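In what follows, chain A forms one complex with chain B and a second complex with chain C.
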Partner chain A sequence: MPVKRKTISSLTSWLFVLPALLVVVLLMLYPVTSSIFYSFTNKNLIKADFRMIGLDNYKAILTDNTFWTAFLTNLKWTAASLLGQLLIGFSAALALNRIKKGSGIYRTLLIIPWAFPSIVLAFSWKWILNGVSGFLPNLLVKLGICDTTPQFLSSAALAFPTLVFLNIWFGAPLMMVNILSALQTVPQDQYESARMDGASPLQSFVHITFPHIRMVVGLLVVLRTIWVFNSFDIIYLITGGGPGSITKTVPIYAYDTGWGMRMLGKSSAVTVLLLLSLLFICSMYFKLLNRWEKENA
Partner chain B sequence: MKKRISVILMTAMLTAALAACSSGTGSGTSQSDAAASQADTAASVAADTSATAETTDAGETEQPAESELEGEITFWHSFTQGPRLENIQAAADAFMTDHPKVKINIETYSWGDFYTKWTTGLASGNVPDMSTARAGEVVEMINADAIIPLDDLIDSIGRDRFYESPIQEMTYTDGQCYAVPIYSHAYVMWYRKDLLEKYNLDVPKTWEEFNAAATAITEGENGEVYGCSVPMGTNDNYATSFLDVYVGSARESLLTQDRKPNLTSQTALDGIQFWVDMYHNNSPADSINFNTLDQATLYYQGKNAFDFNSGFHIGGVESNTPDLLDYIDCAPIPTPSGDGNPDYIVNNMPMVVWKNSEHPEICKAFIEYFYSPDRYIPFLHSVPVGMMPALKEITNDPAFLENDTIKKYQNAMETISNALSHGTYTAMEYGPCVEAGILANQRVIEGMFQDIVLNGTPVEDAAAAAEAQLLELFSAAE
Partner chain C sequence: MKRRLHSRRGWLGNTISYVYLTVLAIFAVFPLLWIILSSVKEKGELTQNPTAILPQSVTWENFRIVFEQLNFGTNIKNSIIIAGSTTLIAIVISSLGAYGVVRFFPRFGKLMTRVLITTYMFPPILLAVPYAIIMGRIGMMNNRAGLVIVYLSISVPYALWLLVGFIHTVPLEIEEAARVDGANKLQVFYKVVLPITAPGIVAVAIYTFINVWNEFLYSLIMINSSSKMTIAVALRSLTGQEVLDWGVMMAASTIVVLPSVIFFMLIQKRIAGGLAQGAVKS
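The block that comes next holds the complex of A and B.
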């Protein structure tokens, strides 16, 4: 009788979970499997008929210089954005952690970018940085800092750093809020003991702060890597991947291929390669996180 | 007991969920059956039409047949600006008042969004019953077997009432016309009269004169006004239009007669070099990323002396810098020699009815209703001079001409009217074809210009690479 009751209980639990599970599995499974399937076809966005073409799409992509340029840009974009976000987010969190009064106001002010849809942010920045009538370029000229209006979004030298700056501006507050929360969980008595033992602030940070928050930081880095590596909206809305292909990352390349050139099969192959790259990068991260977890245990 | 109840409840929920899923599948099946039922629907529409005709012949009013219209349709259009949007909505509201059993759901998308929306929606069957379109897209829609022929509607409105060239442009190789033009506009050369006067310049008739005038203004205005901004943004097809303006001025096409890209002809190479030089000498550096709106805004704000666009520029200047309204005008596109009529870029904006529609009869009735003068003229007046009538008799209709902007910009009206009779949509000089749509919409030419400007790629090499890329796209679309 207890066995039967246990079985029913287990079945009930599964039945309750099943609808959500079905939705999640189907929502994830369909796009992933359809992308993998189409990546082996010559599927055109607006044509019903298509045929299997084996690895032709992969061959075409891997021999396309534009793809490799986009991939390299993607790596630079992810590394620079992440590093900047982490440094600024970490520094801001450490500073706010020491502020006793008004830290809530600062926190709220810094998180404001997240309250706006990316299209609003993108168009606002596009307007601010416009090379003809933009507020910032004209201000720089009026202040005598520049002779001519700097072309933040159309100069080959400035477009990419500008986008990275915007991404850091956007992403750092999220890092800051999460790291600040983690910092507030560090037991204060450990700092007091360290201080009594004559530990320097740097030693306290290395031996107390960092070990306590590294799991949070690690997970944040994993999440932000995935988001930044895949980020599309801010780049597409501000520069569209241009000028030239200077800000073209792999997601923009995939979009241009699938929705611009309508080669959905080829575009699917790009997304599969993107997925594999991300899986590889994330597996590296998780390896490190597992090691830290074991050390903590 | 509680557990039993929860098991029963869960089973019921699951059954409901599965039922919902299966009903979704059912609807998918019915969508796939839609094509099969299309013939039946078409037949019933034809039957309705003939019934209406008979009733009319019998001397009765058309009202009974029209009142039979029943159903819900979705209408996608790209008239995002206020007055046009309001006019379309007013027409739909009035139509629904006359036909209480009809519901028209209007959804508005910008031109760029619309293209993405229909191309992606096609695969899932998520397309409207009727929509506006850009001329270059109609052939793509036909090629994708997405829209239905509208010859019966055109005949019902009166084929002779339409200008011939838009109808020809929307007639495919199978001899059927798949779209109904609602208005037309042409790219002409817009300029600032006050700046030409200030620098003692005549309206340029050749490209050489154009270059000289643009340079004089750029130098004289010292960065306050640009001679001619050259938009090269890859999120729009404006650079293609600029190149087409130049190539068309020599009465050549960006496509060869056998539908191959034609970017390496001497005229095309000259055109590419001309606009690259113009960019370096007379355009803001930022215009390398400009889309249509960025470019137009520069002219609206009085920061661009010359531009190539339609009569929509008047409304834009009126909204942004009304003080300049007395100083803008347009002229024919310059030509290499200054003689003869160029081939203009003409946009005949069409309405189409989608094959997936379950109520093509409502779509057709609404389109026909829209052409009644009391609906159509206010619609055209929502962008005076910008939207030229698709119906011949409206062009000289006193009610249409009785508009302050139309009266004020008589020269622009004449220039644009003349251009309309001497042009086609980009690369459609040899007739409508999918290749023209691809060439106009794939931003390959914009990429080519950026490559030349940013990487210093020689014009010949960049043009050859763009041709090769277009050829690949053409073959993928076959």
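The block that comes next holds the complex of A and C.
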């Protein structure tokens, strides 16, 4: 009798986690496995039948110059966006942590970009930056900074930096809020005693603040790297990869291949390569984070 | 002397902080303001006077076009139904799951975190290919229920991650007291754990809803008839039509962005800090 009750009890324990487990297995692990499978086939978006073609997709991609250009753009896009988000997010968090009055209001205003749907982000900035009747280009002309309205999104020189700026605008609030809540966990008495010992603000930042918050910051950087590296919406909706293919990243390349040229098998291979490079980048991050964790312990 | 130096430095630092935060706040708020202001301006004013901030006269014409000519109400309804059902299902699944892992399988906690971080690495565009193929095969392309299923993949892992943090705050003693009184596991869960974690669960639910409301890529791939489109994709389809003007697009954008911003402001304190820390703690 006790045995039976125990079995029932452990069965209910499993019932709690089973639905979540099913979602992860059926909606994430299985699709990824099948995507790897399709990357070795010539699967087409509208045709039902397909066959195995070995490494042909990978060969075609890795010998395509457009892919390598997109890959390089992806790296630049990720590095520049991350650096900007971290810089703005960190400095804003320090400023918010410092001021006494009004930090709640500033915080609330500063997180607004985070709530923007990508489509509205695209529309609002396309309108603000519009080369004919946009607010900013006309303001720059009015102030005498530019002679003619600058074409932020369609000029070859400006399109990429503008997109990076927009991605920083969108991503910095998340950094700011998380770094701020990490800053608030640093014990205040340590600053007090450091100041007694005559430490400068910079010294107390390096020796007290940074060691306390670096795990959170490190993890944030990993999570955001993943997100930006994979991001599709902002670029697709604002420039579509253009002008030319100056702002084309790997996710856009994959979408064009799969839904533009209808080659889903080849598109799968592109996304598998995307995942592999991400795994490589993240494994390097985690090596560093593990070392920090050991030092903290 | 030294103290005075400190307070002067403090005054300077505070001033710099306020100036810096004000500049950032202007950048953060301006696009939202600009969308709203543009949505109520006359068509002529938008193009003739691009740097004027305030409208000369307020018009609701753009909103009328959005609802009457573009039938945007249908898309709003679609988005509410899809985001609402996804949120409901995702919260049930992940609150049960989070509680189960924390209480019954604590040794798997670390493994779960690893699995969740790994699945977070899966590029959405990678999952889009098999979703398109699988949903096509089972006849659920261009189907709102199919989109809800796909959306569970973006909402359940996140909700699990956040909810584990909230469940950890429930004192074990209260649960044990309920067990002694004869409550079974499920009763303990919904009579003791749920009420205590309710504020957190509500915050996660709102966050899930906003994320689905804002989602674009899967909706673009899964749905192609305009009567079934979510707001994000319906908005996108406006760009193809040359007749449309910016005033109308800004009116539609206002309708899409305002709920996100307002709800996000309400829950930000509960959600925001937990994203990175949840992973550090476990």
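Simple rule for what comes next: the second predicted complex is superposed on the first by the 285 of 297 C-alpha atoms of A that agree within 3 Å, B and C clash if a C-alpha of one lies under 4 Å from a C-alpha of the other, contacts with A are read in each partner's own complex, and residues count from 1 in each chain.
Criterion: a residue touches a chain if its C-beta (ideal position, glycine included) is under 8 Å from a C-beta of that chain, and two chains touch if they have at least 3 such contacts.
Treat the numbers as computed from the prediction; the structure is a model and nothing was measured.
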Open item on the list: Both complexes share chain A, so when I overlay them there, do chain B and chain C fit or clash?
Closed with: clash
Open item on the list: Applying the document's definition of touch, where does A:133 land relative to chain B and chain C: first, second, both, or neither?
Closed with: both
Open item on the list: For A:11, using the defined touch cut-off, is the partner it touches chain B, chain C, both, or neither? Pick first, second, both or neither.
Closed with: first
TODO: Please work out whether A:169 is in contact with chain B alone, chain C alone, both, or neither, and reply first, second, both or neither.
DONE: second
TODO: Could you tell me if A:114 is touching chain B, chain C, both of them or neither one (first, second, both, neither)?
DONE: second
Open item on the list: If you tally the residues of chain A touched by each partner, is the higher count for chain B or for chain C?
Closed with: C
Open item on the list: After the superposition on A, what does A:278 contact: first (chain B), second (chain C), both or neither?
Closed with: second
TODO: Using the superposition on chain A described above, determine whether A:62 touches chain B (first), chain C (second), both, or neither.
DONE: neither
Open item on the list: Output check: A:259 vs chain B and chain C. Expected answer is one of first, second, both, neither. What do you get?
Closed with: both
Task: First, second, both or neither for A:19, with chain B first and chain C second - done: both
- [ ] Could you say whether A:44 touches chain B, chain C, both of them, or neither, answering first, second, both or neither?
- [x] first
Task: Footprint overlap on chain A, comparing chain B with chain C - done: 9, 12, 15-16, 19, 45, 130, 132-133, 259
TODO: Within their complex, state which residues of chain B touch chain A.
DONE: 3, 6-7, 10-11, 13-14, 17, 116, 119-120, 122-123, 140, 143-146, 223, 232-235, 284-289, 298, 301, 303, 442-443, 447, 450-451, 453-455, 473, 476-477
Open item on the list: Show me the residue ranges of chain A that touch chain C in the complex, using the header's touch definition.
Closed with: 9, 12-17, 19-21, 23-24, 27-32, 34-35, 38, 43, 45, 88, 91-92, 94-96, 98-99, 102, 106-121, 123-125, 127-128, 130, 132-135, 138-139, 142, 169, 173-174, 177-178, 180-182, 195, 201, 215-216, 219-220, 223, 226, 229-230, 232-233, 237, 251, 254-255, 258-259, 264, 267-268, 271-272, 274-275, 278-279, 282
Task: chain C to chain A touching residues, read off their complex - done: 6, 9, 13-14, 16-18, 20-21, 24-25, 27-32, 34-35, 38, 46-47, 50-51, 92-94, 96-101, 104-105, 115, 119-134, 149-150, 152-153, 156-157, 160, 184-186, 189, 210, 213-214, 216-217, 221, 231-232, 235-236, 246, 249-250, 253, 256-257, 260-261, 263-265, 268, 272-273, 275-277, 279-280
Open item on the list: Can you tell me which positions in chain A touch chain B when the two form their complex?
Closed with: 8-9, 11-12, 15-16, 18-19, 22, 42, 44-48, 130-133, 148, 151, 153-156, 239-246, 259-263
